[in-house]
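In order of appearance the chains are A, B, C, D and E, and numbering begins at 1 in each one.
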Amino acid sequence: MVLEILQAGFMQRALVAGIAVALICSVVGLFLVLRRHSLFGDALSHMAFGGIAVGMFTQVYPLWTALIVSILGALGMTKLRQSTKISPDASVAVLLSSGLALGIVLIGLSGGFSVDLFSFLFGSILLVSFDDTAMILALAAGILAVMALLYRKLMYIAFNEEQAKVSGLAVNMLNYAFIVVASVTVIASIRLVGILLISSLIVIPNIAAMMLGKSFKKTIIISAAISVASVITGIFASYFANLPPGGTIVLTTIFMLLGIMGAKYAARKAKTVQTAVAENTSEPGR
Amino acid sequence: MASSKVLMIGMGAGAAVAIAIAVAAFATMGGSATTTPAAAPDNNNAEGAQKVKVIASFFPLYDFTRQVGGDRADVSVMVPPGVEPHDWEPTPQQIQRASSANMLVYNGAGFEKWVDAVGANFTVNTSEGMSLLNNEDPEEQKEHGLYDPHIWLDPVLAKHQVDKIREGLVKIDPPNADYYNANAAKFASELDALDSHIKSELSSCEKKDFIAFHEAFSYFSNRYNLTQHAVHDSLTPEGEILPQRLEELVKLAKDLDIHVVYSEELVDPRLAQVIASEIPNGRVLTLSPIEGLDEQEQAAGLGYLDKMREDVANLKVGLVCS
Amino acid sequence: MQIVNIDRVSYRYDGGYAIQDISFSAEEGDLVGIIGPNGSGKTTLFNCMLGILTGYSGTITIFGQDIRKSKAPLKQIGYVPQKHAIEPGFPATVEEIVSLGIMRGKPARERIITALETVDMAREKDRRIGELSGGQQQRVLIAKALVNDPALLILDEPATGIDIETQNRFYSLMTRLNKENKLTIIMSSHDLDAVNRLANRVACINRSMFFHGDTHEFFENEDLLKKYSEASMQAHMHLHSHH
Amino acid sequence: MVLEILQAGFMQRALVAGIAVALICSVVGLFLVLRRHSLFGDALSHMAFGGIAVGMFTQVYPLWTALIVSILGALGMTKLRQSTKISPDASVAVLLSSGLALGIVLIGLSGGFSVDLFSFLFGSILLVSFDDTAMILALAAGILAVMALLYRKLMYIAFNEEQAKVSGLAVNMLNYAFIVVASVTVIASIRLVGILLISSLIVIPNIAAMMLGKSFKKTIIISAAISVASVITGIFASYFANLPPGGTIVLTTIFMLLGIMGAKYAARKAKTVQTAVAENTSEPGR
Amino acid sequence: MQIVNIDRVSYRYDGGYAIQDISFSAEEGDLVGIIGPNGSGKTTLFNCMLGILTGYSGTITIFGQDIRKSKAPLKQIGYVPQKHAIEPGFPATVEEIVSLGIMRGKPARERIITALETVDMAREKDRRIGELSGGQQQRVLIAKALVNDPALLILDEPATGIDIETQNRFYSLMTRLNKENKLTIIMSSHDLDAVNRLANRVACINRSMFFHGDTHEFFENEDLLKKYSEASMQAHMHLHSHH
């Protein structure tokens, strides 16, 4: 069964690209979640929509305007957060709303547009081409390299931005750099696997991992493991149950999260019972 | 506004994404859509294996092809039930399925932009050789081609389409030529009957002007000497309606003393309702461009002819015919 | 060698001046105690010195460099903030948090352990930072400030919430670093006893500075001490009476 | 001009319904923003999508399943956040992803769906009927009444959940109650004005108001004023410039936010210059 | 009348026991000082008493009610937490924050002002809570605990970060409320002097309780004091040596 499904080229490509996307989303995602930017992926896709509208309005190739507008929007959001006391999740919401409104108004101004371009936002992991796969592998390698390089600094900023600044880190620059990396991660991945998958891979494996790993390093490793496992499980499950792969992968991550929560809860319960028993048995001796 | 994008979205990944980008969805852009394999009619069943496999692009052509092909052709449809076909796009799986069919029937006139991508074994362009109406709006030309594709709404032109389908079937399945010819002739006479039905029903009407939902009825209007206006000033039911346009429509209705605003099955009904609510004694009726039937209608066995008759009945109300 | 020079520094929030016209300096090996009642501007002054607040007027020079112009001095400063709102769920161990403090040299394991040992927290190194008690977290942050082998320590009420034994150990450590290693330390505190014992210089502020000089001068002068107490009671009036 | 545009019934209704929606979104929104649930509106609309899919799958009237699934999802999210250390914005992201994945998988299972039902999520403020207007007015009155009733308690929880609990408030119950009110607000408003407007009205007026108002009361009043003003301005602007009203309203709120930020910045600059001048002139005298 | 009764209470986190087998009680008018080194379980104990942590074993009775069964006692408790991470941007004034404390009776303006005056913060009542200095915020939270006219005060290191004058005022106020109004107070602190001066009873804990009794008994007993100091140094070892 498994071998048979691996013979289809599109399944091979889905697995390879899916694993690459899972890795970068979970690594970049941990920092997004810790910065309270959990819905950054979702917001950025809306900005990309605005960017596509800009492209159609100005007759520039929309893929580029989408990328540029998204990154500018993300940088603007960072600036907004750095120069006001706005909470990070609210700044993400502003990014989302602005992108959307921009797109809609531009579309209104230009009196409609050719929708083909939206295919940009509507990837499906089964439709990944060979070139796409090569591209995402290269990009993933680059992104992971940058993240490895900035690892300690970004962790410091996630822990406490002010203390990081006081320690002499160029926090503002690093924030901009990170948000560009995150934007590239999201935009590159959206094209391949669609927005649904991105948002979930950013958040869910990381909150699951944060329940398990004590250290930062372990958290990253567990999160990557969970997201890669979900992608593989999800793709196989979607094949055998004939379900949409994106949705199936997301549901897999959610089940993993619930499983981990349940296990923790059970462990806690067992301990409490133990305690109670210990208490009771020790009582006579006092 | 609203809706059209979603309407066009197939199921599965496309819809997913569209909703994810919530506004993209309701903001009306047409949809790049995909359909899960499960959604497309399954034509791999055993008994279908011996018949010629024909795939039609969207509902009217599916219905026409079924009429001509009868039980000797295994006919399926590309655009799934309940989905708006304007700017619809197939998924690779659907393309693959279509390319394995013996014949692909499509409307032409720029309605199906995806036809070339399919690389079908044999294609029938049902509008071939017809004198088509031009797409007047230069902006729209870029997106929707040079011509108005809504030929099927004119029974006379539909007869031409049926003939093209007959030709095609005869060509790929010569042994059954007589069968197909007979079926086509029978259906053509039904179309003739429809034509005269429309003529007589609309013969004594007080009005010539009506407000359709989108500009689907130009061929129809020309044939039966009516004047079409449309809520969506466009060949597709897409795009957000802006405040000024709403006002124009209300004024138009008032000026022409129109009391009925027509809506369609696959769009948000509220748009027509709002306009109707602004005009004296306004009401909303359906005037179907027969671009897609939902599953219930298909299950009920409704076809092109039934839908056309429904349209005529509703038009009679708006045009105040005796 | 002059390590820190604060020259007529003022800062105003939207509400008015929090510090006004503060000047003092610290030579190498000084341990300066900054005292003043709540809201007198101690934290504001530190925030100006550390580049957290930038809109101050006047000049702050650290290691001879104007900190408005260069951020380089920061890498040689160890800082313990007054408030540390540590996310309970932040996924990092004590060891990892301390390692963040290392801005100079290699983040070697031994350095971290050594720093943790000075605050008696080495045994907790593998626990999650968010699980620790308030005082334990404060100790970890002290270790994080020390691990960098700083040339200047800035401590904003560092002993807050720390138990007596650890306070004593911490103060002995400060004294040792200060005396033996000639480490310059600037520390705010409400604990006048500790300031009296530790500091060789005192700066007493209440929006503006009303004393700056040798510690014994301050603590032997009844008038000054009285003034400090009064200031304490009137502290809250200052900010708002001036705008 | 203004009078003329007010003659059209749809403009009147747009204004009335728009103002009602603006009021409830900004009031409920302040608490959402303070709880770090800024993107709750967006997430809930995705849950509603899942709910519609449930309706189609089970052949129940989708409007009801949408409402029920959304509210259950929102309650589940609250439970998730209360029983784990997951940050609020991550729990919102989980809500969003789950709703979306649920919908997609169900649609996949049922092999497609009739899209009419989606009009549920895609309101436009111009298409509000008389009945809708009456409904939203009644609902808005109810929601504002509940919010007035729970005002102090919800403020306490927003300030510090733990302290509120210690003071004897039934925090968990109140959280559930609030999230139900917020869900009803969002679902009722989405149908009328579309998801775009909701998300923005929840967040943007509130972050602008938080920059201006010192007290909680003033913040609520300023936020309500900003959002009502934006709706009115946006509707008129969209009429005269012939632009989509939803997008125009959102852009209006964003311009107001930027305006307020600019004004604050200018004020700060002016003060600093004053200070500097004062410093310089006082120098000789010392 | 017995206000609080703690009977063999234990609590374990994932890591192990934080408090084990703690028992003590407070009569009306008692001022109990809870002392113990960092990580000894003071905050954990309070969290159990206040319903923040629920998974403890043993029984806690307040005002005669088992707090596992009824939350009613909470409305009569004034509580000052050890940590208060106040969002800098939270849009509320000092007055509004204090008013939140009122769970009994009408939120009347005068009550708020009176409570603010006891911590010398009445003049700051219209300022945003987030703008205040650390010590000022702590004072506001004390006012918030007092405004409810509580029948029991639970204070977790309340004087932390507060300047000396205000500490003295605060301690005098505690003494007055305790002596004149017979208000029961349970207070943790690392300031043994203050505990010695204020408390009539002391509970000294270090995971388990190693002393509970009259204050003078504790402070006059050299052995106990020595034990406390030693505990201090070994505090961190306990939790982890036991699992």
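One rule holds for everything that comes next: a contact is a pair of C-beta atoms (placed from the backbone, for glycine too) under 8 Å apart; a residue touches a chain by one contact, two chains touch by 3 or more.
None of the values given here were measured: they were computed from a predicted structure.
Contact with both chain A and chain B is made by D. Listing every chain that touches chain B and chain D alike gives A.
In terms of C-beta pairs in contact, D-E outnumbers the other of A-E and D-E. Most remote from chain D, judged by the distance between CA-atom centroids, is C. For the pair chain A and chain C, the distance between C-alpha centroids works out to 39 Å. Averaging Cα coordinates per chain places chain B and chain C 76 Å apart.
For this pair, chain C with chain D, the centres built from the Cα atoms lie 43 Å apart.
Residue positions 14, 89, 127 of chain C are each in touch with at least two other chains. Shown for chain B are the residues that touch two or more other chains, namely 12-13, 16, 20, 22-23, 27, 36, 38, 240, 242. With touch defined as above, residues shared between interfaces to two or more other chains in chain D number as follows: 42, 85-87, 100, 103-104, 107-109, 196, 210, 242-244.
Across the whole structure, chains are in contact as follows: A-B, A-C, A-D, A-E, B-D, C-D, C-E, D-E. Within the complex formed with chain C, the chain D residues making contact are 85-87, 268, 271-272, 275-276, 279. The touching residues of chain A, counted against chain B in their complex, run 42, 45-46, 49, 100, 103-104, 107-108, 111-116, 118-119, 121-124, 126-127, 194-196, 199, 242, 244-247. Listing the residues of chain D that touch chain E in their complex gives 34, 152, 155-156, 158-160, 162-170, 209-210, 213-219.
Every residue of chain A that touches chain D in the complex is listed here, in rising order: 33, 36-39, 42-43, 84-90, 92-94, 96-98, 100-105, 107-109, 196, 199-200, 202-204, 206-207, 210-211, 242-244, 246-248, 250-251, 253-254, 257, 261. On the chain E side of its complex with chain C, the touching residues are 13-15, 36-39, 43, 82-83, 85, 120-121, 123-124, 127, 131-136, 138-139, 157, 160-167, 190, 192, 229, 232-233, 235-237, 240.
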